[in-house]
Amino acid sequence: MKWRKSLYDIIEVADEQNTLSKLYDWMMMIVIVVSIIPLAVRNANELTQMLDFVTVIIFIIDYILRLLTADLKLKKGKKSFAEYPFTPMAVIDLVSILPSVTLLNSSLKLLRLFRLFRTFRVFRVFKVIRYSKSINIIINVFKKQREALLVVGGLAIGYIVISALIMFNVESATFPSFFDAVYWATVSLTTVGYGDIYAVSTIGKVITMLSSVFGIAIVALPAGIVTAGYMEEINKDESL
Amino acid sequence: MKWRKSLYDIIEVADEQNTLSKLYDWMMMIVIVVSIIPLAVRNANELTQMLDFVTVIIFIIDYILRLLTADLKLKKGKKSFAEYPFTPMAVIDLVSILPSVTLLNSSLKLLRLFRLFRTFRVFRVFKVIRYSKSINIIINVFKKQREALLVVGGLAIGYIVISALIMFNVESATFPSFFDAVYWATVSLTTVGYGDIYAVSTIGKVITMLSSVFGIAIVALPAGIVTAGYMEEINKDESL
Amino acid sequence: MKWRKSLYDIIEVADEQNTLSKLYDWMMMIVIVVSIIPLAVRNANELTQMLDFVTVIIFIIDYILRLLTADLKLKKGKKSFAEYPFTPMAVIDLVSILPSVTLLNSSLKLLRLFRLFRTFRVFRVFKVIRYSKSINIIINVFKKQREALLVVGGLAIGYIVISALIMFNVESATFPSFFDAVYWATVSLTTVGYGDIYAVSTIGKVITMLSSVFGIAIVALPAGIVTAGYMEEINKDESL
Amino acid sequence: MKWRKSLYDIIEVADEQNTLSKLYDWMMMIVIVVSIIPLAVRNANELTQMLDFVTVIIFIIDYILRLLTADLKLKKGKKSFAEYPFTPMAVIDLVSILPSVTLLNSSLKLLRLFRLFRTFRVFRVFKVIRYSKSINIIINVFKKQREALLVVGGLAIGYIVISALIMFNVESATFPSFFDAVYWATVSLTTVGYGDIYAVSTIGKVITMLSSVFGIAIVALPAGIVTAGYMEEINKDESL
């Protein structure tokens, strides 16, 4: 029991005094960054396969160690070991390991699904959240203003659906599917405007103009909410 | 009289204790969302026609029920029944029903106008406003800062007209009609920039640069106004 | 002397009680808007020529009336009549009249310069500033934060020049002239991004990425300054 | 020793009373601006070579004078003369001089590297920072909010890497190299959207939409942080 407590302190507790804990955190950070490298290379070579192999082994060990100390984390006795794999972070951990495991087996029948699995492997990046502190300040702003941002998000989605619906029905030639209209509306609202799809009819252009002008308001809202939230957080810090 | 009072409580009053009222609101929310589905499909099939038929019937019943209880809403006695159909929300309700009614009749002579009517049907989406609460917070910010936002809107329109006028007269080849120049100015001001139309002459490019830089100020203004408005609303909430 | 005082009250003083003054202001507003219509039509026809003729006549009368009451405005005695034509608003007035006067003479030798003159005619739009009140609120924000906005403007220009210089020297093939590089930098900084000109080399793309990321900061600054200025103006209004 | 003190006062100390110091600052400002002109011209002609020659001579004299008074600046005795060339500003000064010196020698073997060196010459622009005051206000905002902005920068880079990784693995045809995917992600996040590279597959477009919407939050954050920082600086100024 005692070694499990020490282990738990190292891998889970963020204790500045514990040198081993800090060392473990930094090692994991580096392993995560290294584990991403093979994803950025098209043709797997010996080096990327090796990096993949080593990092996945470390991730598996990390996963097992976390599972072994699950009762110390969740404080629900033996039930913790059954519950832990379903906590959000454990699911991310598992999903980030799984595709590489299938890669290691190199089973032929999974070859086609392989590409999609590879994209899931990218989720391993989110592990960084666990090992970073300063991001918490920003997260707090988003947490406090969650409701307002959800409303704005809802407004934006509603706006995208409405303008997509109008465009889809007004300009059939430009937008072969409703999905194309939604894609156009999103790219226009966010003012990205690649230019791969755009209205050509007069009515379509009028709607484009209304949409882009209205879009500024939708963009100004989250900026305003985030600013207000951030200023509150700063003032709170200073009054303490 | 009594059943009309209960009916009014169900369809119009937002009473958290009244289970039937809440049930009605949620049912209408679902019906509105379902009613939009046929608009997102190009070729009408049996399912979309059925969805259209059912949702329109419910909208008609809803419209009649609201008309029957108009005197309880407007509190102007019998005059209310004549006035109600001209209130903004009643007009939106009617406009959202009308095109589908003509669809149900499937009159051949309206076939050409049919497409334009279909786009009007999209207005039914705005019914959501009636059945949502949290949006009111955002609406309040826009209401309070309405005047300032109107000024900015006026500035933006003035700016669009001016730069469109200059461009239209300077670069005739690129902008065949004044409408094209207005379209270009709007897409440039909002920084969407599809790239389907842009200045090619040196003078045109100079104006483009001035326009886009000036455009940032026009975009910064609504952001500032919304932020200031939102911070006021938050502070008011906290001081209560 | 008395009729000149009354005239001055009508055309210059913004007196809510003076019905004639208000009438004059509204008439001028309409005349200005009407005078722009011929600018938005490619081929001059009888109607546009008539509109041009009538509005220019009114502008000339307005200019003469203002010149006649210059001593009441500038309060410098007879010197006012010589000084008035050089005040900014008088120059705008004159510039907006001049091109149409040359048009009325239809002198053949000015035919080539005609196009450039036409664009100057657009300046007549700025006359609106004289006849609008609510815009003053926004103008105040810009006046108070003028210095900060000038610094940001200077930073933006400096940034544009620097990235244009780098691009011009690194990617000669894409940017034939330094002007093209400045145009590209401006369109990229303001996140318009038409896509008519963009870097194709690896070094060019790296600079594009640095530029666009850095550009966000340059865009965030005026937004922040305007927001801060607007909030101050609001708080001042409330404390009064 | 005395003449070195006077020299130091002229070239380094920002003393409003010292006319010679102000004159020197203004002269250097003009020389810096003039020195950039040859960079904006493709084919070197006699004028640009002359401008290059004269400005570089002045920069070399300026560099030597600063080196001679290094002990007065760093206050570390004779060690100052060895340390000074490694201070950030001295490095910028030297880097901005070096390429032109090699140009003056016109050594043939450096001809190929010449282009890259030329881009380094652009760094001379940063000398302006030394001779400008009002920029300090903006710099202060960035200094105070440095940590928050670094976190946002980190988030943005993380976001760019993640979406680039997903895109690179999902849509191989559109993104031949990982660098292309990173370029696409950056141009999309900053809402520039040239349209030279964009997703064509359905999954790719879905990720594009998520990316651009999420990108608004990433853009809203620095705007919020800068606004909050700027308002603090203003309030501090007023309470003094």
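The first chain written gets the first letter, and so on, giving A, B, C and D; residue counts start at 1 in each chain.
Convention: contacts are C-beta pairs under 8 Å (C-beta built on N, C-alpha and C of every residue); 3 or more make two chains touch, one makes a residue touch a chain.
Which protein is which chain? UniProt says A, B, C, D = Ion transporter.
Note that the coordinates shown come from a computational prediction; the quantities given were computed from them, not determined experimentally.
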Same or different contact residues where subunit B meets its copy subunit A, judged by the half mark = different
Would you identify the chain whose Cα-based centre sits farthest away from the centre of subunit C?
-> A
So if I superpose subunit C on subunit D by CA, what angle comes out, to the nearest 5°?
-> 90
Winner on C-beta contact pairs when B-D is weighed against B-C | B-C
Comparing each of A-C, C-D or B-D with A-D, which pair has over half of its contact pairs in common by residue number?
-> C-D
For subunit B and subunit C, what's the span in angstrom between their mean Cα positions?
-> 32
Using the average of all C-alpha atoms in each chain as its centre, how far is it in Å between subunit B and subunit D?
-> 45
Hunt down the residues of subunit C that sit against at least two other chains at once, touch-wise.
-> 191-195, 219, 223, 225, 227-228, 231
Would you tell me which residues of subunit B are touching subunit A in their complex?
-> 36, 39-42, 115, 118-119, 122, 125, 128, 134-135, 137-138, 141-142, 149, 153, 156, 179, 182-183, 186-187, 190-196, 219, 222-223, 225-231, 234
Subunit C-facing residues of subunit B, complex | 147-148, 150-152, 154-155, 158, 161-162, 164-166, 168-170, 172, 177-178, 188, 191-195, 198, 200, 202, 205, 208-209, 212-213, 215-217, 219-221, 223-225, 227-228, 231-232
Residues of subunit B touching subunit D in the complex = 191, 193-195, 223, 227
